[in-house]
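Below you will find the structure I want to go over with you.
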Amino acid sequence: MAGRVDIANRSLAEPELFGRVRGLSLALTEPLSDADATVQSMDDASPAKWHLAHTTWFFETFVLRDVAGYRPFDPAYAYLFNSYYEAEGPRHARPRRGMITRPSLDEIRAYRAHVDAALAEAWPQLGPDARALVELGCHHEQQHQELLLTDILHLFAQNPLKPAVWPGAASAPSPVPGPIGWIEGRTGAVEIGHAGPGFAFDCEGPRHQVLLTPHALADRPVTNGEWIGFIKDGGYQDPRWWLSDGWAWVQREGVDAPLYWEGDGSGWTSLGLDGLKPVDATAPVTHISFFEADAYASWAGARLPTEAEWESAAAGLDPNEGQFLDDAGPVRPRGYGPFGSVWEWTGSAYRPYPGFKPAEGAVGEYNGKFMSGQFVLKGGSCSTPRGHMRASYRNFFYPHQRWQFTGVRLAKDL
Amino acid sequence: MAGRVDIANRSLAEPELFGRVRGLSLALTEPLSDADATVQSMDDASPAKWHLAHTTWFFETFVLRDVAGYRPFDPAYAYLFNSYYEAEGPRHARPRRGMITRPSLDEIRAYRAHVDAALAEAWPQLGPDARALVELGCHHEQQHQELLLTDILHLFAQNPLKPAVWPGAASAPSPVPGPIGWIEGRTGAVEIGHAGPGFAFDCEGPRHQVLLTPHALADRPVTNGEWIGFIKDGGYQDPRWWLSDGWAWVQREGVDAPLYWEGDGSGWTSLGLDGLKPVDATAPVTHISFFEADAYASWAGARLPTEAEWESAAAGLDPNEGQFLDDAGPVRPRGYGPFGSVWEWTGSAYRPYPGFKPAEGAVGEYNGKFMSGQFVLKGGSCSTPRGHMRASYRNFFYPHQRWQFTGVRLAKDL
Amino acid sequence: MAGRVDIANRSLAEPELFGRVRGLSLALTEPLSDADATVQSMDDASPAKWHLAHTTWFFETFVLRDVAGYRPFDPAYAYLFNSYYEAEGPRHARPRRGMITRPSLDEIRAYRAHVDAALAEAWPQLGPDARALVELGCHHEQQHQELLLTDILHLFAQNPLKPAVWPGAASAPSPVPGPIGWIEGRTGAVEIGHAGPGFAFDCEGPRHQVLLTPHALADRPVTNGEWIGFIKDGGYQDPRWWLSDGWAWVQREGVDAPLYWEGDGSGWTSLGLDGLKPVDATAPVTHISFFEADAYASWAGARLPTEAEWESAAAGLDPNEGQFLDDAGPVRPRGYGPFGSVWEWTGSAYRPYPGFKPAEGAVGEYNGKFMSGQFVLKGGSCSTPRGHMRASYRNFFYPHQRWQFTGVRLAKDL
Amino acid sequence: MAGRVDIANRSLAEPELFGRVRGLSLALTEPLSDADATVQSMDDASPAKWHLAHTTWFFETFVLRDVAGYRPFDPAYAYLFNSYYEAEGPRHARPRRGMITRPSLDEIRAYRAHVDAALAEAWPQLGPDARALVELGCHHEQQHQELLLTDILHLFAQNPLKPAVWPGAASAPSPVPGPIGWIEGRTGAVEIGHAGPGFAFDCEGPRHQVLLTPHALADRPVTNGEWIGFIKDGGYQDPRWWLSDGWAWVQREGVDAPLYWEGDGSGWTSLGLDGLKPVDATAPVTHISFFEADAYASWAGARLPTEAEWESAAAGLDPNEGQFLDDAGPVRPRGYGPFGSVWEWTGSAYRPYPGFKPAEGAVGEYNGKFMSGQFVLKGGSCSTPRGHMRASYRNFFYPHQRWQFTGVRLAKDL
């Protein structure tokens, strides 16, 4: 989920953006020990240290290596911290990232300082292409900030002691939402996709028309309380609601509640970045897979929104009004809006828009190579850095994955 | 890939259709021994005997059980030969179908005769709903005829002796096609999906408008000769052409040619229903996965057609002009048209059309339950029974599957 | 479990032995259909057709290929029906044996007739080495007769219809045994291992001395009724009784009764060659793994006999007094003796005797190659051909395997 | 490989022993970072932090919990740091030990200090049973010291940077051994097994007689130089030398050299605790599996010694004359003796001695539960703490395991 960039949509990166992004990454890992930052809890996740290093490698590789006189911090890092750029040569296997106990977290912090200083020094001499790559690197790092948070939560969930990244009191309950209201969407030809100004990843374009049939979207995502109703009604035990692959997944994995939930009918807790806390019935449900989202919608007599319906509804709204990540701290989804709090699964497969062309070179080498088997999510979450989101943003995960802050908003035909 | 029916689009089934379909199934299995018809060569495939029995169970379950006085041939068969209808109760696990050495092939033939006779006797008293279910059962059985052929070919390919289902001389070579010509497609709003008259599965509707951007489709599928060019150019060894999941599949499985190909640069053979024969350079390439089709298109500087582009181009044409299955015999793809010879992978994920609603009851219980993770194929193949095909037909398989007669037609943006 | 021979212990094979053995193999497969004889139900098992062919290949390869003028029945069979003789060249992978639907069972019968006729014709001209190989081939085929029966039972157990190979009434119950009596064994130096006259496999020698400490063996194997006591006492749920690997196996596989048992505390049935029948409380328990045998012994405050204790106790007795396979038919363990009814797990790992040397050439190429990870069983079973057994016989299986007619006799220190 | 104790052979534990053992464990982990001490590189290995904690839990659980007024350091640790004592309650799954990033290495050091202080304070009031348990705990901890070293080496081997635990110059080459000389062993009845005085694990007894046939043992283990001869002769590619399970392992895992070797015919390096160094041709070969040891012996026309042959030969010698672990540092095998340098695989399965009875209670609960599927190793290695070894010592591993400092000494029949 990294490195997708539209270098055609370049704008000059501000040193302020660079400084803010780089600083937040450090702040997010401040509560972590060397061991916390090193262990990999599953193949899908990466160690926090790896996120810190990989995002730095990105600037070193795509910007600094063309700067006269730049000396790489350590030539071995290219092998360790390349994620999947085939054109950049061989790299350490992803499921083995957690074996890298050395370099230490402190060494990676030194690596970051080295690169940050070199970039600051090089800044005046960077041309527009390089500055566009810096901007890209900032957005790339924001994506990794979100992954860093969800990966560390997944790691802590493996520990029987259920530690908190940021211990503290439970946050105030989410405001009580009313019953779902239905908002009629636009019908006929609408435009979706990014068309500037401002930064976007290349898969967000080209902007193009689609046709929408009469439909309505719920005015908020589904709550934990509503999800408990699905559980109580035997939703996880009834094949009628499930896609065939989803039913196989539920049975194979023994799934009977959202990820990180523990408990039973008499009470649920869930693990978050602030530790194990009672499930807040009024907050949006999160850590659900596409399969669960789709099954819930079937049970509720509704369906998932398409990407185009979602984007059309959100197009005129301010993405920054929702709940996003502002500072390092124990975020949990709360509140409701078209943006933020939880990523919303759509019913749309992640496939290229008409006329999509991958960008040139290693940076954009594989913009489209993830376009099979995954579904689009929209809107961002409480762990997405504020400012990173827009209506055209296309996040994507496999239908069984649920360690991100994922939720669901219902839709229906009219 | 079975049991999808639109009972809203019902038409009266003709006894002639029923007789023809049931007869062809028997003819297809005429060359098979009891052992040939029993063994299951992989989880994705089913034994020929199971196909014969399951299609019969369909009529027994959905039509005859409501006929007064009907006595099931054997009550245990419901458990053995239900495929995946959860509402019809528990069933034998799919990967264990090959363990059922008894009942024998001859007993299953007797089962078929029993059900055929009962249906003939009941015919005059069947109402329109039942007749629609008979029609559905005929189309369902035609789907299984194609699977039966591809499953038996897969089984025979596991035998080091490489037996032929229908031994004989190599068929005449495919006519020599010219270089690919590009046919410009319609642009703007077009309608796709089934809207009667005539039978269709429910997932083919509702008919609806889509917007097409300027594009062209190749006037024929890719040939074996062209595919050899891809191989010789190192196509299977170059990650640039592959989707990420495809590249992982190629490396994990050691794929370096279409399924059933054996040989090297100096000459290829491929196993077919007529045994091991030299690869015919002028015939359409077949037994390729979506991943391979997509990689080939990238290598060729093109892309896959979308389902809508394909259907729009084929809409006015006669589906029966292509190469289809007419009689039991050693079909191999030859010839070129918008229909027949090989299924054509599209770039479209198999997802519901706007307004799609699953049909009521067990028959249609799961019409949509396969709508995740699969891609749409269009056009039918040399092993699709003639008459089964139409432009709106939606076949679907996972992107790594390739034991069907699958091929590829290129598309490009204009 | 095949092909182990001591060509130093050669004796002349009688044509009578050959005829009897070859005839029994055919009789055992008489009730089988082509499909029954073709399917492979697990990697550990082989199809009946493969057993018939492999034992024939043995004579063809090791005896007939040196006979002037012999023409192989089909040169392709060497690839299909070699089991594991590396020196005889490449061979079909063991877990894929069930894919070979052709040649058919009838063709394999013709293969057998061809080889039998050739051997009869060649008989007068065979020298002593060749005749020893014929004798070896007969013993080899007897081993496969037992495997054939246990493999076909395993296959039929996968069929929800639970067919019987030889349907019929339940056999008379086993005679009621008294409580276990303890027979004190010999102490000090005893000799074990084969030292002629008569045939033995090479791993049965050299004959050598071992030291026995004071001990006693039970006068009969454990019964089904006693085993039900173990189940009722929670034996399968209590880690105290189990070896560590055994406990992992029980939990991973969900084992809670002998293989082929179905039921619960209120009544058990078990599948045999005569179909599904009530468990006979007075018969010896069978289809148990080494892990189960060892756990039962721990629970009973006893232990397993060592191979030397067992062989020493059985040395002076007539091996043919027990229950063995005389004719094709639905054998089940009944009766009690030092020989027959059920193979008895010993606590001895299958390792070479002092001074053991593998035989020369392909026939004996791998006599010792199975000597890791397996345990010795003694005494033969109801499905071991009568005449095949002796006190020095060393059968061996992995500690989790239990599809043979395996049982357990207790031992204790004095 | 832990917790085996003969509480019948108790002797009073000296506070000196306790202090020395506890101090060495800390010294061994001194070069490790928090991350180094936390990550688990494979299911067979445990994190260094876990070793430090588990050995401490042992004293806390079996000694201190019976001391009036003792307060556990943290009640949650019992769950985290119990290894496999079923009687001590549920525990964290072994393959998930590497997920425990918290408590930190420093917290575990504090845990150790807490328990050490409590034990020192309690010492005067401990009775003989408790003191015997302290002695047992010391021997138990010595076993874990060896595992800690081999586990950390395995972890560092996963890091592409190939770090050294103790960087430094290569140690002096091993003294050049002469050609193998053969030492004739004792024949007839000999006694093996422990019979005091001094500490031993319970599986080392009872002492008993065995019969040895004429044989000779090599006067030293096989060297790296000799092993390179095996490689050059195609030993890893020739099935003749291999046990059947070993050949399957070699092919499945792609094994073609000892573990941690890198290179080819023109030169080999191997990773050790001192980093990547050239293979010393004159040092004993190490990091080989039983399968490799057995194959080498077959290739060399020899065999493995039995446990009894080995123990008989070593019985009168001083175990401390060999190379053992004296202090924290980069040990590599060098030198040759009946003890030390490398563990020597025997051909004997790890099974109970005649009359063996597991000890009472949780401490000895499972002394025998590992007695299936493993082979005995004798003699200790360069990473076994000096003083821990004796002729009767029985180490054991599965035949494919090779991350210990394992080697091979040849034997032959006379």
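For this structure, a couple of remarks:
A, B, C and D label the chains in the order they appear, each numbered from 1.
Definition applied: a residue touches a chain if its C-beta (ideal position, glycine included) is under 8 Å from a C-beta of that chain, and two chains touch if they have at least 3 such contacts.
Model, not experiment: these values are computed from the prediction.
The chains that touch both chain A and chain D are none; no such chain exists. In this assembly, the C-alpha centroid of chain B lies 58 Å from the C-alpha centroid of chain D.
Distance between chain B and chain C, defined via averaged C-alpha coordinates, is recorded as 46 Å. The distance from the centre of chain C to the centre of chain D, each centre being the mean of the chain's C-alpha atoms, comes to 37 Å.
Residues of chain C found to touch two or more other chains are absent. The chain pairs satisfying the stated touch condition come to A-B, A-D, B-C, C-D. Residues of chain D touching chain C in their complex: 84, 86, 189, 208-211, 213, 239-240, 242-247, 290-291, 294, 347-349, 351-352, 354-355, 365-366, 368-373, 375, 399, 413. Of all residues in chain B, only 33-39, 41, 76, 79-80, 92, 96, 98-105, 155-156, 158-161, 163 touch chain C in the complex they form.
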